[in-house]
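In the two complexes below, chain A is the common chain; its partner is chain B in one and chain C in the other.
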Partner chain A sequence: MRRFLASLRDGVGFDILLVGAAMVFLLAMAGLPLIYNVLMSFQQVDMFTLGSLIRPWAGFQNYIDVVRAPEFWMVTRNTIIFVFFSMAGQFVIGFALALFFAQNFPGASTIRGLFLVSWVMPGLVVGAIWSWILAGDFGVLNTILKSLGIIQSNVFWKSDPSFSIWAVVIANIWLGLAFNMLLLSVGLAAIPRDLYEAAELDGANAFQRFLTITLPMMRSTIGAVLSLGLIGTLQQFDLFPAITEGGPANTSTVAQYWSWQMSFQLYDFAKGATISVMMLVLVLIASIIYVRSTRHEVRG
Partner chain B sequence: MTAQIDLQNIDKHYGAFHALKGVSLSIEKGSFVALVGPSGCGKSTLLRSIAGLETITSGEMSIAGKAMNGVPPRHRDIAMVFQSYALYPHMTVEENLTYSLRLHGVGKAEAKAKAAEVAATTGLSALLSRYPRQLSGGQRQRVAMGRAIIRNPKAFLFDEPLSNLDAALRVQMRKEIRALHDRLGATSVYVTHDQIEAMTMADWVVVMRDGVIEQQGRPLDLYDRPVNRFVAGFIGSPAMNFVEATVSEDGGGVVLAGGERIPLGTPVEPNRKVLVGMRPENLRVAQGPASFHFEVGNVESTGSATYLTSTDGALQLVQTERLGFSVGDRVGLDIDPALIHLFDPQTGARI
Partner chain C sequence: MTRPYIPWLLLAVALALAAVYLFPLYWMYVTSVKSGSEIFANPPTFWPREIDLSIYPNVWTRRTMHVFLWNSTLIAAGVTAITVIFGTGCAYVLARYRNVWVDIGLFSVLMLQVLPASVMVTPLFVAFNQFGLLNYPRTAVVLAAAAKAMPFFVVLVRATFMTVPRELEEAALVDGNSRVGAFFSIVLPLARNGILVCAILTFMSSFGEYIYSKSIIQAPALQPASVGLSGFLGPNSTDWNSIMAYSAIYVTPILAVFVLLQRRIVSGLTSGALK
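Moving on to the complex of A and B:
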């Protein structure tokens, strides 16, 4: 017993204790719910069996039902549009801003810091503000576009079926921009200045320096930003209830919002769980690709 | 000889800080020039200005006869070896070497052949497929040099390239860089804070301080006839001794504070205050009557030489023989009058 206590104080026991605490937390808070969620997607769940763990087995029936649901392809298309264009917008504009603020000009770091504002704002608040900006009849965006002569009549961003998903994409790009820019800024700052100087003396112009030095040196940062971006967009929920509520007619419903509707509005927990498991598989595949692509990472 | 790099009245300001003050320097084609000075003297700024990495505030700069003011680094046709080597970590040795060739559209086969050729001269042939992180300090250094050589540039610039290496490797690389310079017939500008490197490698040494060239010349000329106290103290190791003294009434000697007199080779203006500079290796332990004495405060022996330091620390002496002195001994000293340097105590200028 004394030896055990001693090893806790200054031996291997202490290491195991620390790792163990983290493992227990992870298992209880993330592992078990995850397994329960997967289990539920293979069961028949209704209001009467909600409290029990063992329920009638459903096999893949929930999955078949979800795929056969009339809104399935609409939701899939929306999710792809939402994820792809949100990430592309956040990444491209974020990278451009990161490069811009990496230049040495007075106030660069202060102004960059101000971009944090979008990051610290609650998603619901951001959604409410964008909801006003995008409003069809009194929105600022329409006013600007009209005064610039780009549109002739008001665009009803939130209630026009062909624009509703884009309304959320625009808001989400704004919301995730700061995060992308900050991570990419850190990556840019980590590239030694003398590499650029050496490349400049070797004859590289600004564009060649970006292609041959910046991009390859940013590889792991870009990988991290993109995979975190994927997780972030698949998690993005607040903007939907705040801007479109998935409407009109599901034209802006994405997988995560659909899953929530299934579980907590229609109380069809099995289908809600099924949709979330399908999303999980997608994220898992993306993560594996990311991990594999950075395995042979070159670091100086 | 024609000037490969010509600098006229170069000024460089960083805000309020005046980094280079009217520097004029002409570097001959094929010469090896060392810029040496303490940190913050402007030597690196001058080098980076030649490379175009810093823009000069005013002055004229030309390389191979062409004005270079405002020309971006990539159009100057100059190669630089950085203190950190600045190897591209995501490229293999071969890709590092051929980077500039690839940028200039040289064909793959030709670039590969050139890389092999350069690798052979720098001893990198077996390492072409490695990444910089897999190389030792000395090997990285060679890659940095190979990357410079492969382009056959108008001039090589070295920014303290040896300061990250250990002492033994530094001595070896010193010789290799010089040998490479001779073989290529290149023009090299070499920045260092180590006067030994400057003295041993360069044909022409430029001593800088506070953004000003204090003296330039052949290494031994700087050693034999430093123009002022700063250069005298900077060139030579261990550093020159400086003792305050007054010139005797007849002008044929200097009288130390203790009343002892050291004879001079050529008479100077009598009765004036001077700073007497004597190199530690020029002082001798007097066999006969000594001209002055000092009390031993410290004895260091390396086997090949003995270093004696006086009690007050003001005087140091190096002899290439073993001396049996111990702390507290009073030693009589002597010096060849021709090897005494006199400086003005106020201005520091050579008398």
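Moving on to the complex of A and C:
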């Protein structure tokens, strides 16, 4: 017993205690729920069995029901649009801004830092502001687009079925691009300057330098940023209740919002769990790419 | 540079880009001080004709914001406390050693970091229901949100501990300090600033936590400000100056802290999230 206490105070026991406490907590609050989620997706869960662990086995019935649901393909399409265009927008604009702020001018890092306010704001507030900017009749975005001559009449971003998902995409690009920019800036700063100088002496123009130096040198950063973008987009939830609530007629519902609606608006917890398990497969693929591309840096 | 005006030109472009990017924030503040009729002016006025601040006390009392903000503060404080207490030690050990166990630990932390809250909320709700935790909804939200916040905290703080030289700790051990003593008197003080910045980041992000609170907390008196905002926000809202005033009251403290600590936050993020 005394040896055990001594090891806690002055040996390996101390390390195990520190890691163990965190790991037990994470296991209880994240690991077990995850397994429980998979279990529930194979069970019949209703108001009567909600309180018990052993419930009637459903096999793959929940999965079949989800895929056969009338909104399934709509939600899949929306999720693909949301994920792809959010990531593309965040990455392209973020990369362009990172390249711009990598130039040498006074105040570059301070102004770049200001962009991060979007990242620290509560998602629901961002959603509220964009919901107002995108409003159909009195929204400021329509006014700006009309004065630029891009559109002729008001676009009803939130209530037009063909635009509702794009309303959330626009808000999400704004929300996420600052973080993309910051990470890409760090990657840019790590490229040795003399590479560019040597290429310039050899007569390479700016575009060639970008293609042959910047892009190859940034490969692992880009991999990490893209997978973080995928993970972040699949985690994005707050914008949906704030801007469209998935409507009109599910035209802006994505998988993560659908799963939540199933559980907490229709109280069909089994289907909610099923949808989230299906989504989880996507997240796991992204995170394996992410872990692989950051491994070297994280191990430091 | 042979042409000296180019940096200033770039600065002007940078300021213009920042202005465009931060326009939504400006629009929030401007809308909140406009009168009810001016909001629906067509075309909208980019500078308010008259500034009317009466909406702020109005929204504050009508929406019982002191209750919501107090709950947000409680939840964020709880999440931050749990995250810092459990996360700091974990990050320290993961930074101190390099072996296969640390690799496994890091891998699982990174994997947990990517789990979406919308995936976790269904099993957590059902499990909390079974354990009776739903009777203490704020505690339940704190536990759930802390598990969400901790992996990111561990990754960032681990990078801070990596910058503390091992030699200092070893010197303390040689001088007869115990591991516990060396940790508390040498390592922690040296990593203090980094831990503080990460704790503030955790606080700010859990101050805006929405999905767990919305799903778990039913009683309005216990809900945080994000759920309070969602109560009068939807695709058909029209009460825009109240919504924007509410948002402004909600985010101004966060923005103030961010602007004050901007440099530290950015450097903390860049050293940890990715190199």
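Just so it is clear, the second predicted complex is superposed on the first by the 285 of 300 C-alpha atoms of A that agree within 3 Å, B and C clash if a C-alpha of one lies under 4 Å from a C-alpha of the other, contacts with A are read in each partner's own complex, and residues count from 1 in each chain.
Keep in mind that, in the parts below, contacts are C-beta pairs under 8 Å (C-beta built on N, C-alpha and C of every residue); 3 or more make two chains touch, one makes a residue touch a chain.
Every value quoted in this text rests on a predicted model; they were computed, and no experiment measured them.
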Original post:
So, A:194: does it touch chain B (first), chain C (second), both, or neither?
Top reply: first
Original post:
A:170 contacts which: chain B (first), chain C (second), both, neither?
Top reply: neither
**OP:** Mind telling me which of the two, chain B or chain C, contacts the most residues of chain A?
**Re:** C
**OP:** Considering only touches as defined above, state whether A:217 meets chain B (first), chain C (second), both or neither.
**Re:** first
**OP:** State whether A:202 touches chain B only (first), chain C only (second), both chains, or neither.
**Re:** first
Original post:
Where does A:226 make contact in the superposed view: on chain B (first), on chain C (second), on both, or on neither?
Top reply: neither
Original post:
Residues on chain A in contact with chain B in one complex and with chain C in the other?
Top reply: 298-300
Original post:
What does chain C use to touch chain A in their complex?
Top reply: 1, 6-8, 10-11, 13-15, 17-18, 21-22, 24-25, 27-28, 31, 39-44, 82, 86-87, 89-90, 92-94, 96-98, 103, 105-127, 129-130, 143-144, 146-148, 150-151, 154-155, 158-159, 162, 178-180, 183, 201, 204-205, 207-211, 214-215, 225-226, 229-230, 233-235, 237, 240, 243-244, 247, 250-251, 254-255, 258-259, 262-263, 265-266, 269-270, 273-275
Original post:
For the complex, which residues does chain B have touching chain A?
Top reply: 51, 53, 72-74, 76, 78-80, 82, 84, 86-90, 99-100, 103-104, 131-133, 147, 151
Subject >> Complex contact set, residues of chain A against chain C >> reply: 9-11, 14-15, 17-19, 21-23, 25-26, 29-34, 36-37, 40, 45, 50-53, 97, 100-101, 103-118, 120-133, 135, 137-138, 140, 143, 147, 158-159, 174, 178, 182-183, 185-187, 190, 221, 224-225, 231, 234-235, 237-238, 241-245, 247-248, 256-257, 259-260, 263-264, 269, 272-273, 276-277, 279-280, 283-284, 286-287, 290-291, 294, 297-300
Subject >> Interfacial residue positions of chain A with respect to chain B in the complex >> reply: 192, 194-195, 197-205, 208, 212-213, 216-217, 219, 298-300
